[in-house]
Amino acid sequence: MTITVQHDDFEIAVEIDRLTAGRCDIGAVASFVGKVRDTSAGSPLAAMTLEHYPGMTEDELQSIADIATERFQLSAVRIVHRVGQLKPGDNIVLVIACSPHRQHAFDGCAFLMDYLKTRAPFWKKETALDGSGTWVDARDADHAAIERWTKTN
Amino acid sequence: MTITVQHDDFEIAVEIDRLTAGRCDIGAVASFVGKVRDTSAGSPLAAMTLEHYPGMTEDELQSIADIATERFQLSAVRIVHRVGQLKPGDNIVLVIACSPHRQHAFDGCAFLMDYLKTRAPFWKKETALDGSGTWVDARDADHAAIERWTKTN
Amino acid sequence: MTMAIATQMTERIVTVRYFAWVRERTGRSDDVISLPAHVVTIAELMSLLAARGEGYAEAFKHPPSIRVARDRVHVQQSAEIGTAREIGFFPPVTGG
Amino acid sequence: MTMAIATQMTERIVTVRYFAWVRERTGRSDDVISLPAHVVTIAELMSLLAARGEGYAEAFKHPPSIRVARDRVHVQQSAEIGTAREIGFFPPVTGG
């Protein structure tokens, strides 16, 4: 149950409790929630639709979770990513990294998001107020972000 | 209501909802929960007691929140820190940083924790299984962590 | 020699899957393709697909914009199809 | 000259607060201290406090281990007390 791809919303408190319940070796829980904003490049957004590659998505997310767990000696990891049509203000993704120590939890969580953004097969399509749809372009900044994990640490 | 010092536990979901409710400009919510572990330097821990400097604590936390908000252009910030006697597995601290963008949220959250650890007047006393108490020493690593914020960015 | 003949005689079938704007341009989610013997790499499969019609030509007209998975693992377009059962084509990912 | 005389004649009172092991060693949470005229800096106040008794001597025997706040703001021990109403003494912080 490390990774889940679903249309339904997630509950961060439930997920953190599930990872930490009964464990007293976890001193740090870093988490990240990505949300749909109501603008894109300055234009109002009516909705966002997330498509993915069933089967491959789960494999990639599991692989990213395994790599992060080993690299940052994480005690527990959780990734939940939503698919389908979402509205501004809706949650998109939840990533949680647990560790005995704060720096590992923070780094693990950031690493998970950076890798997810550049490797997990999800695609966002934005719907404008007039109903027109546009596929979101990949951001150079996301690829720049991932490079720091190959340079240092 | 940016910062709170209290004995009672906090609920991360309630706090995130409070920061993001009705807002569609927040694309990223980075959060951190610090918890009591059941060992300290390899020895079993029965309890941890947190003392603070009432008045100064709130001033320092507010100041740290203000600095982080300006520096990382955060949309919203929340710090909750518990005081009094806590048990292994209990929550100690919650930090939340909201931003339109992921990197600012992550950096803001890590910055808040690094500054809180080195500036906010809290002191931890650990109680061993035999009832003996030991004040926790400040960690050099915490001071090293804060230096990265003065070097770069 | 016997091996080579056997390989040539075996029909190579792959399921090709399309996502995001690649899917929208081809107008299909997937195709089952019988690979001609001369199609060895994924890049060669892309040329084959581009010849299937107008939407396919549009989808595959700019190969650098397309990412590829072989049996659900990211690979380069220069990779050989080999014994893969599934090839996926899609734009650079934008999740998270 | 008139100013200097006035300053000397005004009694300077500060509340001194102790936390964590500084508090445990002094055996008190706070003291209200009337400052002698020669006590100008916080370091000088620490010497004054160290002379109040055995627990105080123990608390202040190693000044580099002690951090200081003047009116609830972090300052160095070399800072002047000035018009402060409250001086806090405590170990390096360990929250979070």
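Order of writing sets the labels: A, B, C and D. Residues in every chain begin at 1.
One rule holds in what follows: a residue touches a chain if its C-beta (ideal position, glycine included) is under 8 Å from a C-beta of that chain, and two chains touch if they have at least 3 such contacts.
The structure presented is a predicted model; accordingly, all values stated were derived computationally and were not measured.
Once the centre of each chain is set as its mean CA position, chain A and chain B turn out to be 23 Å apart. Between the Cα centres of chain C and chain D there is a gap of 76 Å. Work out the mean CA point of chain B and of chain C, and you get 50 Å between them. Look at where the CA atoms of chain B average out and do the same for chain D: the two points lie 28 Å apart. Among all residues of chain C, those that touch two or more other chains are 96. Annotation for chain B: residues 34, 102, 113 touch two or more other chains. Taken chain by chain, the contacts run in an open path, each chain touching the next and the two ends left apart.
Here the touching chains pair up as A-B, A-C, B-D. Touching chain B in their complex are the following residues of chain D: 17, 19-21, 23, 69, 72-74, 88, 90-96. The touching residues of chain B, when paired with chain A in their complex, are 11-13, 16, 20, 22-39, 88-89, 100, 102-103, 105-106, 109-110, 113, 141, 145. The residues of chain A lying in touch with chain C in their complex are 34, 50-53, 55-56, 59-60, 81, 92-93, 113, 116-125, 135-139.
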